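Both complexes below contain subunit A, partnered by subunit B and then by subunit C.
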Partner chain A sequence: MTRGAAPPRSRADTPAWLVQPQAPLRPGSRVGRRRASFLERTLGDGAEVFRRAMYAEIDGSRGALQRLDPRAKLVALVALLVAVALVHSPLTLVVGYAAIVAVAWAGGVPMRSFVRRVWLVVPAFTAVAVAPATLSVVTPGQIVVPLWTWHGAPQGLTRQGLLAAALIVLRVACSVSLVLLVTLTTPWNRLLGALGALGVPRIFVTIIAMAYRYLFVLLGNITDLLMARKARTVRPPDHGAGDRRFVGAAVGTLLGKSHHLAEEVHQAMVARGYAGRHYALERSRFVAADVLVVLAALAAAVVILGVDRVLR
Partner chain B sequence: MHIPDGYLSPQTCAAAYVLAVPTLAIASRRVSRGVTTRQVPLLAMFAAVSFLVMMFNIPIPDGTTAHAVGAVMIAIALGPWAAVIAVSVALLFQALLFGDGGVLAYGANVLNMAIVMPFVGIAAYRVLAGRSALRSTRRVVAAGVAGFLGINAAALAAAVEFGIQPALFHTADGMPLYAPYSFAQTIPAMALAHLVVAGPVEGILTGAVFAYLAKANPEALRGTHGDLVTSPDAGASRPARVGWSTPAKVAVGFVAALVVLSPLGLLAPGGAFGEDAPADLDLGALGLQAIPAGMARYTGFWRHTVLADYGAGGAHATLGYWLSALVGIAVIGAAVYAMGRLVGVFRGRRATPASAVQD
Partner chain C sequence: MSCAEELPASEPVYAVRNLTYTYLGRFAALSGVSFDVRRGERVALLGANGSGKSTLLKILAGLIHPTSGHVAAFGKALTETALMEEQFNRDFRSRVGIVFQNPDTQVFSATVREEIAFGCLQLGLPPEEAQQRLDDVLRLLEITDLVERAPFQLSGGQKKKVALASVLVMNPEVILFDEPTAALDPRTQHWLIDLIGALGEAGKTIVVATHDLHTLADLTDRALVFAEDHTLLADAPTPAILADPAALLRANLIHDHRPY
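Right, the complex of A and B next:
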């Protein structure tokens, strides 16, 4: 469409809004200085959910870590998380993080995203949140960097505060990395099977599995709702009461649709012989390597705590 | 509010699991009672909805956005036990799939957002909505306020979990091992964020979704509002005041709220500003030579109190303190009761001519 090239001959008949140049109707497009509305951002988030999920699904087939039994990985994960949570010295965690990265590298995990997903999030949330705790106002102790005085007493960054902040930031980084190491190398359905095998009640596993599947259906529904609204919108939307009312209606519609869908899905399940039991397609076998991994994780946990006892 | 791993000590996480796991077991039993298999897809759908609701960022006036949890909304539509399961599953997704919220801290997150929040919310909703009609404004407002209260209760629970960390877990030289902030810091910080930002968002969302469902799809509310859905006009034709808010109930509720909130006073450090007796003033620090004349003259103006200094003057100081606390509670309760009666009398006077005309 060549906007503005040919002057409309019947301008008098044409509604004013049709003559005005308009932003292209594309989700997530940011035209000029107009800020992307929260609806567009929600759409963007939805696309991100899709992307990451697809990514996780694809990545489950190759590498040594990927072939391990998910049950072994979950047990190892919990053991290592507890060990990391009990560490008292930041130095131990630095060594621990290096070891996690080394394992990820050896296991064929894409390194860039593995490191980036941790270090983009941890400084933004954890580091900012614990920064004030380095001050003597919050964490009293031995002052390393004096900044000001209060009634004659020097105030500033304390040794205790800095160490505590480092400890928390590193511990969060290690914990997130460990969880990522498992989720990036395990397809979602196998992870769920492992949860069931480890004693999570069957009804939960079934609900989780179905919720995951219908997440995408419902996300598609939301995308359609937003797109339909965008297609009907002829002037820049007001970022206020109208939007809020729309969100209310959209979530309400979503609830109604999911209610309806659940009813139909249930009938379909019963028609196919569902009687409360959910079967996994593949049955994984515990082999020697898996036992070895669990033992190695337990040994690593003991080593971490032993090293920490020396360093603290 | 999704607590990541590393902020809470393993002991705290274990305690949270001890509370969360049996609640989840009760919830799955309560929900799957009766109809056996139908609830499975329904709960799965609502878990997905809850996850998506947490993705819906809502614009707030200062230009930023905040997201809601949706636990209260699901509790109103499906009942609190269904909300427990739906939000727990959504939280599990977030912990495992997106690293939002920790694995060890999952129990604590479930406790805050999937247990405390829907139950506080549904209790508030039931009290506030009373027996009003399904499509009445009061019910929408009740849903909104319930969402607001629910998320703030969850935030308070999180603040308490953070706040106990530095006191319980620190090294010998005072280095905190987990979350470094004490109650006096976590509670105001969480309260500010949730009273001002996340609370209104949750409230608006809950109210808006409820208004939409009541108007456009009352069938979705049948499970929890059965009698109201079958006869939508029945509520309207009923007398508007069925008497849930009798003066006695309001008085008891008020006193109960005070009793629950009063431990907050323990968090305030030091004495109460401006409440010292003149003799206790540190005149030197204030740059004064003597107690100001007016203060000295009027300080003893009223000496006829029954329980001076909260009964601390007598031989049994603790007993006196407790006695004065009980007397105080009773007096405040009686005062609220009297006000309620007074309001009732005036309302009755105003309402009588109208009803007389109708009759």
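Right, the complex of A and C next:
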């Protein structure tokens, strides 16, 4: 560290093993095909899939939904989310879900990934919370699937419990679908711009924007880290303690690295004049169609709640 | 928008006095550094890894602020408070562009188009003008065909070009480059060096952190050499620095067996 103190390393300092050539490849030596470890596959695939999903290409000119003003979509979204949260009949939600899928289909949203994404996310959010509620121990009532008896009384899944669970699952499914419908048809930048335009405080918009970018840094780093590990792994993966040790060490580096990069990402934004506002290249104009969408969403919300009242 | 009208020709773009920067109160990155940068000058920051070049560039870009000492830009103190003032922030940001070493830092929007337009829109350019500039800069950097791609679909060199485009599109007076040619293939390196040369000839003030002694003479008029103890070891015209192996050796920039 002191000025001119450390002399540059000369060739003499190079350890002998480093200049020794490696043994030639043994001909015919059969090393079984290296299978990727569970960790590598799940983490790596997950990161990549997620990354691609989040960068889902949005063709702004394609469908009617894509062309709508993001502000209109956000207002409609909030109205419908509130309605979904207040609904009490699973039947209403089933009809609602069908309607959302129909709108998505009509709007040119890729159906398969739309439906799949929802049903990948929903169980993750609900399974743990919902499953116990179906049991008579938790939700007493009319037993439809007897599982065991306790003190002579049959125990199992109750009608009430199943209905309650269905209600929660459907509510989450509808909400996630609605959110996806908006995010899949609106470029991220315009969505943030719309949040600002609708009066969401700048600090929140910044936090959302940065969280999103940070997530990418993290995902990118996960992929890189796994690749670097793969490149250095000579022995087949041990699917166990080694993996766990690796995860422990990796999480530390990952967070450190990601934090550093995220900080620079923020600096790069600030250097280009970022102060928490988002602007889009396309000027958005509120046209008749947008007004119509907001009105339709409000009407739908009222109808949903009305129908729900009848069905209960 | 040009600062030529506002600044007397002799007024330095940057005046740095006794600058010290310490990370987290413990890790020194710069210590007691003083220098000026004049309009249109092309300055190299030379120094071994860890000598504080990146830190200095971030300070010159107003992204971090000195632990002690003083930095003035365009005749005005460059402090956190000064940058909170919206007008100064806008003026400063539109005049000073920084190209980070790691292009991942700078290429993050959903598409290349959005990334490049970002700065223009932040500075309040009307979308039509932003679009025009976007088209021009895409053509200049020969990346028109990448415009709809997502960042993860780009190679390292392409990302670097996009990062560069996202800064050039704002037409800054002063451009700070952090190791611009690192990790680029030779062809792209040469292309980039030519581009930086052209920007210099167009009157831009350029500060470039580099290890690359080969291209130094073409790229810069003056070099600041940083020692491994984070002090400023030498400040002289580039040819003089290149002719002084002792200084380069002291900065651990060259190897005694193998002068560059």
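Keep this in mind: the second predicted complex is superposed on the first by the 168 of 312 C-alpha atoms of A that agree within 3 Å, B and C clash if a C-alpha of one lies under 4 Å from a C-alpha of the other, contacts with A are read in each partner's own complex, and residues count from 1 in each chain.
In this text, a residue touches a chain if its C-beta (ideal position, glycine included) is under 8 Å from a C-beta of that chain, and two chains touch if they have at least 3 such contacts.
Here the structure is a predicted model, which means the values were calculated and not measured.
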**Message:** According to the stated criteria, A:113 is in contact with first (subunit B), second (subunit C), both, or neither; which is it?
**Reply:** neither
**Message:** Going by the contact rule set out at the top, does A:220 touch subunit B (first), subunit C (second), both, or neither?
**Reply:** second
**Request:** Name the contact category of A:179: first (subunit B only), second (subunit C only), both, or neither.
**Result:** first
**Asked** Regarding the shared-chain residue A:188, is it in contact with subunit B (first), subunit C (second), both, or neither?
**Response** both
**Message:** Taking the superposition on A as described, I'd like to know which of subunit B and subunit C A:155 touches: first, second, both or neither.
**Reply:** neither
**Request:** Could you figure out whether subunit B or subunit C reaches more residues of subunit A?
**Result:** B
**Asked** First (subunit B), second (subunit C), both or neither: which does A:130 touch?
**Response** first
**Message:** For A:261, using the defined touch cut-off, is the partner it touches subunit B, subunit C, both, or neither? Pick first, second, both or neither.
**Reply:** both
**Request:** May I ask you to decide whether A:272 touches subunit B, subunit C, both, or neither, giving the answer as first, second, both or neither?
**Result:** second
**Asked** Once the two structures are fitted together, what part of subunit A is touched by subunit B and by subunit C alike?
**Response** 52, 188, 213, 217, 261, 265, 269-270, 274-275
**Message:** Could you list, by residue number, the parts of subunit B that touch subunit A in their complex?
**Reply:** 4-7, 9-10, 13, 24-25, 28, 32, 36-38, 40-49, 51-53, 55-59, 65, 70, 73, 77, 85, 89-90, 92-93, 95-99, 102-104, 171, 173-181, 185, 204-205, 207-209, 211-213, 216-217, 219-220
**Message:** Show me the residue ranges of subunit C that touch subunit A in the complex, using the header's touch definition.
**Reply:** 58, 61-64, 86, 89-90, 93-94, 96-98, 100, 102, 104-106, 108-110, 113-114, 117-119, 121-123, 127, 130-131, 134, 148, 150, 152, 166-167, 170, 227-229, 231, 233, 249-250, 252, 254-257
**Item:** Interfacial residue positions of subunit A with respect to subunit B in the complex
**Value:** 37-38, 41-42, 45-46, 49, 52-53, 56, 77-78, 81-82, 84-86, 88, 117, 121, 125-126, 130, 133, 138-142, 159-161, 163-165, 167-168, 171-172, 174-176, 179-180, 183, 188, 191, 201, 203-204, 206-215, 217-219, 222, 239-240, 243-245, 247-256, 258-259, 261-263, 265-266, 269-270, 274-276, 312
**Request:** State the interface residues of subunit A toward subunit C in the complex, per the touch definition above.
**Result:** 1-4, 6-8, 10-11, 51-52, 55, 57-58, 187-189, 213, 216-217, 220, 261, 264-265, 267-275, 277, 279-283
